[in-house]
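Let me give you the structure first, and then I'll get to my questions.
A, B, C, D, E and F are the chain letters, set down in written order, and residue numbers restart from 1 in every chain.
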Amino acid sequence: MIYESIGATDSEWASKSYPEIQETANADGSVLVVPVGSIEQHGHHLPVATDTILVDAVVSGASEKLDDEIPHLVTPPVWSGFSPHHLPFGGTLSLDFNHLQTVLEDVAQTGLENGFDAVCFVNGHGGNASLIDAVVSTVGTSTDAEVLGTTYFTLASDEIHNLRDSDIGGMAHGGEYETSLMLHLRPELVADTDQREATAWDEHYEWGGSDLLDSGPLAVYRSFDEYSASGAIGAPELASAEKGARIYDIVTSELAAVFVAIHEHNR
Amino acid sequence: MIYESIGATDSEWASKSYPEIQETANADGSVLVVPVGSIEQHGHHLPVATDTILVDAVVSGASEKLDDEIPHLVTPPVWSGFSPHHLPFGGTLSLDFNHLQTVLEDVAQTGLENGFDAVCFVNGHGGNASLIDAVVSTVGTSTDAEVLGTTYFTLASDEIHNLRDSDIGGMAHGGEYETSLMLHLRPELVADTDQREATAWDEHYEWGGSDLLDSGPLAVYRSFDEYSASGAIGAPELASAEKGARIYDIVTSELAAVFVAIHEHNR
Amino acid sequence: MIYESIGATDSEWASKSYPEIQETANADGSVLVVPVGSIEQHGHHLPVATDTILVDAVVSGASEKLDDEIPHLVTPPVWSGFSPHHLPFGGTLSLDFNHLQTVLEDVAQTGLENGFDAVCFVNGHGGNASLIDAVVSTVGTSTDAEVLGTTYFTLASDEIHNLRDSDIGGMAHGGEYETSLMLHLRPELVADTDQREATAWDEHYEWGGSDLLDSGPLAVYRSFDEYSASGAIGAPELASAEKGARIYDIVTSELAAVFVAIHEHNR
Amino acid sequence: MIYESIGATDSEWASKSYPEIQETANADGSVLVVPVGSIEQHGHHLPVATDTILVDAVVSGASEKLDDEIPHLVTPPVWSGFSPHHLPFGGTLSLDFNHLQTVLEDVAQTGLENGFDAVCFVNGHGGNASLIDAVVSTVGTSTDAEVLGTTYFTLASDEIHNLRDSDIGGMAHGGEYETSLMLHLRPELVADTDQREATAWDEHYEWGGSDLLDSGPLAVYRSFDEYSASGAIGAPELASAEKGARIYDIVTSELAAVFVAIHEHNR
Amino acid sequence: MIYESIGATDSEWASKSYPEIQETANADGSVLVVPVGSIEQHGHHLPVATDTILVDAVVSGASEKLDDEIPHLVTPPVWSGFSPHHLPFGGTLSLDFNHLQTVLEDVAQTGLENGFDAVCFVNGHGGNASLIDAVVSTVGTSTDAEVLGTTYFTLASDEIHNLRDSDIGGMAHGGEYETSLMLHLRPELVADTDQREATAWDEHYEWGGSDLLDSGPLAVYRSFDEYSASGAIGAPELASAEKGARIYDIVTSELAAVFVAIHEHNR
Amino acid sequence: MIYESIGATDSEWASKSYPEIQETANADGSVLVVPVGSIEQHGHHLPVATDTILVDAVVSGASEKLDDEIPHLVTPPVWSGFSPHHLPFGGTLSLDFNHLQTVLEDVAQTGLENGFDAVCFVNGHGGNASLIDAVVSTVGTSTDAEVLGTTYFTLASDEIHNLRDSDIGGMAHGGEYETSLMLHLRPELVADTDQREATAWDEHYEWGGSDLLDSGPLAVYRSFDEYSASGAIGAPELASAEKGARIYDIVTSELAAVFVAIHEHNR
């Protein structure tokens, strides 16, 4: 049972009765948080839900760092992302761009009906990034609440660069960053070292993205089988649970600071 | 973290790597299971995720009763349902009918690309029932795989009637059936007895639905505030954990039998 | 000319001028009725419009049984249904699910603009049943009028069971029920006995539907060529005009009672 | 019962079994005809189904003039048109432009699957005219069959002008042309002379349309309450059953000639 | 740079700052003009942007003939049309019917937000004609402003007929009319005489369109490779710059008169 | 006439005949370029078409720097963008997100039908940036050609930072960057110095975007009247034609290098 864990954190929308939800929503400076992940191939060594597991953990971790005074609720993570570029490998459950867009719009709009002062999408999948920006705009035009969105691994990128062992290209899809976080958070779901096959992200164009932390000014569509035989990209061999713990601490602190700022700005 | 529990059961799509998923999908008579729930008000005594928690538990329970020989995988539950009739109470995250339809179509279609011989939607929310039937048709026309769908509480209705203490109208939205299951499965999420306010489902028309187990030939649209002041309908005061255990056993056994039959028919 | 018959019954929207329509719509407890049929293959012995002919006749018959005091109007039957499962046989004019959905929504919404207190869809095609339920919800959320829907052959099912000669599986697509009604109402459109080829509805799954009057808790998508070589399913050889007359009387009386109840509830 | 009249003409799709339909469809030079009408206010003296009644009669009349050698079938008339400009008067059941578009596309495309060599939409409502042209294009790009469309009252306009008694502006919505046809075909549905209130079509712009037979190069959107207090436009006082008979003969002959030409061109 | 010419005429929306636009929009009887062209093959002798170049020139010319007192602004021409029938030749950038429809709706609706009293679409591509009519209706239902539309070459058709040298069929796609205008306005973009290959528009059906100025009552879908080997239809060999100058003068005068009439009617 | 300038550069799709277009498209390593701009308020000192003028100029300039050997064509700029956040000021013609998305998809897909090996969208409006990324994905999944996209002012940002005189916040909407380019390219469209009112881009959140060249990891929806009274943001008072010339040279060189790289990679 996946949903056995509902109620594990205090900020879960799912575990509340509706009067409890409305009480939080009506508090001053209340913030609704919508995590968005993906189910897509992550090479031979990581489970397909990696993006959803990580964004859920990061949002939960940030939420736990918040003071009780900050009224906020977190919806369950939207676990279906926009991942057509991963379909050739299998293991991927992908929504069409516009279908996922309407899901996020509907979740935010019916959530906001409860009286929240702001909604923040927190995304965990690179392929969703432009969609999140799109939805920030389309939801933004339909509400008086403040609407925000971020892709969590773009936060605190300077600090992350400082602790990385890989070159640019190593923190990518199933690489040093994600594998470290998974080794810290869910080691039992990470395959043994000998299965951590990946290639560095080697985008042909110098202007293209080539690292989770270096997106570049030129977007290029590539099915991931152009980049990698295994489906993974980056340097998982440099991953460690210890590094994962440090990344987790940095990112959850930064995201908590974002939530505090939203609360402060909307009270 | 909600997703801490991923990997708890052997049939979870989310916890696998893509090669593992494809191995199951390519086995003879493989079955893809898509649970569909809802996040909507359930009165003062149940969490809004009740439908999702229950459908997840029922599918997991059925899956655990299956022999290893039956290749199948279960996607994470789609937790967003079609619940416009609950919006007036708050606590509800509802998708438009057609938006949820495309989500289920996309999940099934990209899932089936892996090679499954059948897909079965298992629904846990009455308001989704016609949508599930719709999607069985629209996905069915697009694939050679067998496409099926059921709303779990319509299974084994004779046996359930035998164990109920309430009259017709008592197994409804947050009533004897759902509250018993929640007391068995997640008692810590059920409010104390004194908060279990509900009214019996008293549909004006004799042809209309008036119980989870008695849907009737006449569909009537009613915002739930026409039925109930608290949002709950039925007889939660007759619920017990023991009854929940018996319902759970009956329904999971029946659903397991459905899965076996699908496997047998498609091998 | 099909439309030569407009005006044959007093309740036809089509034969009225707009001031007459508005007079009825504005009366207390006024009911708008929208029959929905289908044009699809019905084996070798029945015309493709069977579902539309029958739902039109049943609604007209019910309407004629009503007291003058019950203000109501009947739109022309929507003759195009959702029938992808019949397309392989030919003779079928089918709309996509969502296209038919918008037709019913638009007809109901522009009809309700005249001031009716309720709208009731009456459906005559099994393949439309979930769509009717869907539209009851989507129209219901958009209006203050009461919105209802039924599939006529699910009404009075106990009485129908009592008069049937076929086993379960015999009242199906072009079987005992529909062929009897057609022999009563439109015998000149029914082919001779030797063309009434059909097979009993033999759904593999015990939980699946296997009779017009026994739909079962498991939906399965099947192109009808999986069930039948001729396109017809059921026991047309057991049909008779006399039985058709009895079915017609039972169903029209029951439907008339539904209309009366709607009127009473909304005045 | 409206559908009592099905089978009255030999070319009706609705009255056939599917093997009969396929036999016609597979004949050389076969033509599928789709009549399209409307249900909309037509002043105080004509029923709201006037456009549907007339297009149905005109198509049936043309069909009856055809030689047996011309294989063709006529679907039931699509009775729901695009009529937002009539909604303020009531009595109108209107589909959104794009919803009606998909209906016509689906009907034509599923009809053509049977093997017809051509499909011809015959329209009876001015407000549908651009939509028919649109659908001729969109269906045309999706099939190898020939796709055509016409609005029947634009046929044989020279001959019609010769017999009219009204000036330009008199053959309009519920005017001399339509009222004459109705007096010929369905006099019992036409109100007495003293209810035939209408105003001549007096479009402000000289380039705008101002008669059924004079559409002009400038399209102007006008809700019909800008033109007329009663809803009718034209000169119904000049209508006569005799003139209706002559119009009917001219138009059905011309339309029959169109059908023959399509047959000849596609055999 | 294409947009180097912005600002060449006084009525260009594009060259204004927003306060200037609002000043014009708020003047009495203000008119918004939206030219709509196409990019599609025009035979070997004309550029693919011919329809856009011509509609832009015609609207600019009409605008220049207007008195300063007539407040109006012209949006940039929508250069993408509905041209599936030209795709087989290449050189064509075509939008789907409904996609172009939404573009015109959005441009008109956001433009009208500034306070214009009327909007007039001026179209330069035959394939867009029904779409323009459609949009006049759909925008018309959404605004209190007056909504109009015309295809410029249908204006002043009597005068144009008087000056033509070709028979019917010669003023068509890349024929005498368009080639003359291009020789007058943009001779450097017209290929030499020996490349002006075309065939007369020879539509099989007498009721079909066979000239820019003779559209006929029967719409037929034809990919243009059914009409012409080169892609051009008509009599370009009869074109001349002098004739183009006369056509230009006639059409711009007529269109200016339309704009004046709109202004007068809406002040 | 805007379209008087067609043919001014050698790479314009619009000025070619279709055989010329196909010749280029079929050359080895051919590149289709689609500029995308916007028409939206740009304060009191810049015309509403600024984004379209600039992206057109930048693409034309880059194209002119290319060797003849690089086969490429440039479509006319799509001048309608996604600009809901500018609507409150007026002067803005904005498409809905999904409507603009389909325009770009249709233009790219019908353009690619000619045989190009790659398509590159070049965007000039910040509000379009996520939409461009979206379309790169959706078009990318539908074609074998390479699909790319960039927002031109994100290119060469290091060099641009070196020449700026404003602090972060000064190169924004109608600020130092855009005003300088306009003073270089179209000085006659720039209002006098005393009308160059703007405020520095002062986004509340430190993670939010606050400069054309500094977008930040947090997306926030803001109607532009939250940022500025005049509609302009940045430091137009620091703009100069000379700086504009330098920016233009840097950006066109960089974009030309992108085009060369695409050509090289796809030959």
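Keep this in mind: a contact is a pair of C-beta atoms (placed from the backbone, for glycine too) under 8 Å apart; a residue touches a chain by one contact, two chains touch by 3 or more.
Keep in mind that what you see is a predicted model, and the values were worked out from it rather than measured.
Peer 1: Which neighbours do subunit C and subunit D have in common?
Peer 2: none
Peer 1: Tell me the rotation angle, 0 to 180 degrees, that brings the C-alpha atoms of subunit A onto subunit E, to the nearest 5.
Peer 2: 120
Peer 1: Counting C-beta pairs in contact, does E-F beat D-E or the other way around?
Peer 2: If we tally the contacting C-beta pairs, E-F comes out ahead.
Peer 1: If you average the CA atoms of subunit A and of subunit B, how far apart do the two points sit, in angstrom?
Peer 2: Chain centres of subunit A and subunit B, defined by C-alpha means, are spaced 27 Å apart.
Peer 1: Go ahead and note the Å separation of the Cα centroids belonging to subunit B and subunit E.
Peer 2: 57
Peer 1: Counting only residues that touch at least two other chains, what does the list for subunit F look like?
Peer 2: Counting only residues that touch two or more other chains, subunit F contributes none.
Peer 1: Across the complex, what residues on subunit C touch subunit D?
Peer 2: Counting only subunit C, the residues touching subunit D are 1-9, 12-19, 21-22, 25, 39, 41-49, 52-53, 56-57, 60-61, 75-80, 87, 89-96, 99, 102-103, 106-107, 110-111, 113-114, 185-186, 188-189, 191, 231.
Peer 1: Please give the residue numbers of subunit D that touch subunit E in the complex, ascending.
Peer 2: 82, 84-85, 97-98, 101, 127, 129-134, 136-141, 146-151, 154-155, 157, 204-207, 217-222, 258, 261-262, 265
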